[in-house]
Amino acid sequence: MAAGTPNTTPLLSVRDLIVRFYTLRGVVHALEGVSFDVGREQSIGLVGETGCGKSITARSVLRLIDPPGRIDGGSIAFQGRDLIQLPETEMRAIRGADISMIMQEPKMSLNPVMRIGDQVAETLLIHDKSLNRRTARAQALDMLASVSIPDPKRLARRYPHELSGGMAQRIMIAMMLVTRPKLLIADEPTSALDVTIQAQIIELMNALIDDIQSSVLMISHDLGVVAETCDRVIVMYAGQVAEAGDVETVMSDPQHPYTAALLKTLPDQVDADEPLYSIKGNVPSLLTPPTGCRFAPRCEHAMARCHNERPRAIPLTADHQVACFLHDAAPEPAAEPAAVPA
Amino acid sequence: MAHYIMKRLFTLMITVAGIAVVTFFLSLVVPLDPLAAIAGPQSPPETVERLRKLYGFDQPTYVQFGRYVERLAEGDLGMSFQTNRPVLDDILNFFPATLELATIALIFSVVFGMILGILSAVYKDSLLDHFSRIISLIGVSMPVFWLGLLLLLVFYFQLGWLPEPGRLDIMLIEPPRITGVLLIDSVIAGDWEVFWDALWHAFLPAVVLGLFGLAGIARIARSSMLDVLSQEYIKTARIKGLSEYLVITRHALRNALVPTVTMIGLTYGSLLEGAVLTETIFSWPGLGRYLTTAFLTLDLNAIVGGTMLVAILYSVVNLLVDLLYAYLNPKITLAQHDA
Amino acid sequence: MPDAATKALDTADMRRLRAQARKRYLHDSYVLWKRNPITVTGTLIIVFLVLVALFAPWLATHDPYDQILAQRLMPPSWDNLFGTDNLGRDIYSRVVHGARLTLMIAVLVAAISAPIGLLVGVLSGYLGGIVDEVLMRLSDIFLAFPKLILAIAFAAALGTGLENAIIAISIANWPGYARLVRAETLAIRNSDYIQAIQVLGASRTRIMLQHITPMCLSTLIVRVSLDMGAIILIAAGLGFLGLGAQPPSPEWGLMVSDGRNYLVDQWWVSTLPGFAILIVVLGFNLVGDGLRDILDPHQRQS
């Protein structure tokens, strides 16, 4: 199973999460038994290829999966409470106040017909009943200043279409951190932005996170960004966790064949002369996922067992788990059930 | 802003000039000889010839067109063969009744259309959604003239719940004509009995006329609301912890309103169309009925004048709607709107 | 080598993949169609209309023009399913024959106005410049009139009658199609694909005829099918006002108008033909509504 130090409960603890999409062509098994923890003031990177379920994982934490998607099993414990079981009103009180999220397309994520200042102030007004319009606006202006926006007063009266992408993402950060949430989910916060400002945004975000002492779940397909900013990394593949551990350990000594392959695709890992490495084969269709390890069809080390049986997370050290039979010293007892009932 | 409006007004003027050409063309292709109709079937050819000269129909086409434009520029739409009065006077006389009817119908269709469409989108695939979609589908499929007849049959002839066709009870005396809109004139005259009776008489025709518009507005409101609800900023609002009610009222509604406003312009057009049929059925003394009579009797000047007025009105309404659209949508600064 | 791999994919594989994608698209469309009872109902209504129109002489129980004055204004009975009108004609037989007229009007208007719209739209969008300016101003002028008003005006000017009504409705109809096709053409014209063909030296006529027109066609066909209901309504409206089909033609709008004077005591004379209009227009609109959903990419995900 996933990590976690035995004595302190983690801030967020996801266990055996199952999410399915009931589509025209059949049931998409988007997440199948995803488990991980986010500790207090920890920043975790969630990496994997497009469609591996990173964003769905993040959205499940907020319980905001669009239909036809549905959480079909598992638990999401946040500060000891299972979010899946909470009534909608209590869940709403958590959204935006305790858990916030920054999205990929900052310009699309702001309401086009609402002034920026009002959008930032709104988060406060929703959650803090002691505030009135005026005091909330004042706080919003402070927040805008702290995301290094020049002349926040003037900007607060503007509309989103007048902003650049980088500016819009600063606004999003301000809007989502103004309530000092305990967990910030950042879904590819820089991938829609100009390369030149990506670093600035990440830096700004990290500074604010440190300041308000919250945790971050950073979703990215960019291992470089994760290596720079996160303490731990979770590698996902086709709706399952392949490997999880300390960033340095995982990056320098990957134990799952998928992680190793993913690292090989990084351009700065190879000589300029060598052709770029690419993982052979395609990501499996989640309509009819492989029965065993979902990576097995593409894996260079696949054994017979990999095609029939689902590997469970095997702890290598206290802080490093890998779901791969290569690390399973003793063969499984036959009676052991698969990690998660379907 | 001013620049944009000027530009639009200029295009409008070109359109009006085009409308004049089209209507003139209409008058040329009329195969029947309206003069023979005026003069009467028994009149000798000389009389018809004299009339022909009198109206200028003996001149070559381009001269006729020149005169026509000249007259238009002076605001002279010619005489109606039917009523023997200047067409412009006729139009000014009949138009307020249509304006009154169309406005009530527009209010009815906008209010109920928006409510129905938005609820339908918010509760997508619910019973209410299916119900409202079927209502609006029936609305756009309904032959207005038939519905009017049917409702008259049921509510006036059979049940007697609603008043007879017409604008006012025959026993009541119209207040002094100021605007020509009974509802306004009666208020000015302080004659509340007339006011309520006029409103009562307008109820059924307005509902019949408004139904088509209602259906169109409900459909657009639904689809634009659905579109808005799938946008990223709606997800943002939910992430912020807003209740679904606030997500819809504060974030979705105004964005959905923007495309719906465009529909109102189109609705107005359909109301003018519908007025032609509705007024015929409800004996409503408006422009629609005037035009229908003109068409049926080939009252050329009335046809040309009336059609032109309707087209100009329609264009002006569309211009106003575009301005409103630009006002509602901060993304459009008017200067670049035309690009 | 990667080159060889892409090359191999270019030919046979690409064609196979494309065929697969098309098949999947059609299959999804079918599933969406079948899943929506509204669309199925609409389709059935249209199929029914076509069948009635085809077999009208066999379905009719009487000659639709046969006046039996002794049996005027008879209520519906086994002998006269929908009753008889003021001239003693069998309303059921007239409604059945009217289906032919309705279908003919809808098809002819589409067949006249769609090609005009296509021609104007492609020329305007592809050639641009002065041609575009003139053609679009022209269509603006036509669009400045509400459709029914324009159709009525032309119907009156051309002289009453079914043929002229069809021409009049077509005149009112084409500008909308021209606008649509122009927008589509503009998008296609700027695509890399057309740019490439231009570089290769294809003539403008050839590009317009062989490349742009076929690509605009599907959008246009969808739009025309969405318009069918509205076309029928306008035709019926013209008939009702006496500016469309002329007596003794069994056109539905005209029949409603004929029955107006007998509304109070002989409700069936007006009501049943009007009901036929409603049902048929509803059928077209139901299909149109479903079509919109089926073609909507959002719907495909769920």
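Letters A, B and C mark the chains in the order given here, with residues in each chain numbered from 1 onward.
To be clear about the criterion, contacts are C-beta pairs under 8 Å (C-beta built on N, C-alpha and C of every residue); 3 or more make two chains touch, one makes a residue touch a chain.
It should be emphasised that the depicted structure is a prediction, and the values quoted were computed from it without experimental measurement.
Of all chain pairs in this entry, the one linked by the most C-beta contacts is B-C. Taking each chain's centre as the mean of its CA atoms, B is the chain most distant from chain A. One simple way to say how far apart two chains are is to compare their mean CA positions; for chain A and chain B this gives 55 Å. Rounded to whole angstrom units, the spacing between the C-alpha centres of chain B and chain C is 24. With centres defined as mean CA coordinates, chain C is found 50 Å away from chain A. Considering their complex, residues 62, 64, 89, 92-97, 100-101, 103, 105, 108-114, 122-123, 126-127, 159, 161, 172, 175-176 of chain A touch chain B. Those residues of chain B that touch chain C in the shared complex are 11, 14-15, 18-19, 21-23, 26-27, 29-32, 133-134, 137-138, 140-146, 149-150, 152-153, 157, 226, 230, 269-270, 272-274, 276-277, 280, 291-292, 295-296, 298, 303, 307, 310-312, 314-315. Within the complex formed with chain B, the chain C residues making contact are 38, 137-138, 140-142, 144-150, 152-159, 229-230, 233, 236-237, 240-243, 253, 256-257, 260, 263-264, 267, 270-271, 274-275, 277-278, 281-282, 284-286, 289, 298. Interface residues of chain C facing chain A in the complex, by the touch rule stated above, are 2, 28, 31-32, 300-302.
Taken in their complex, chain B has these residues touching chain A: 231-233, 235-243, 246, 250-251, 254-255, 258, 328-331.
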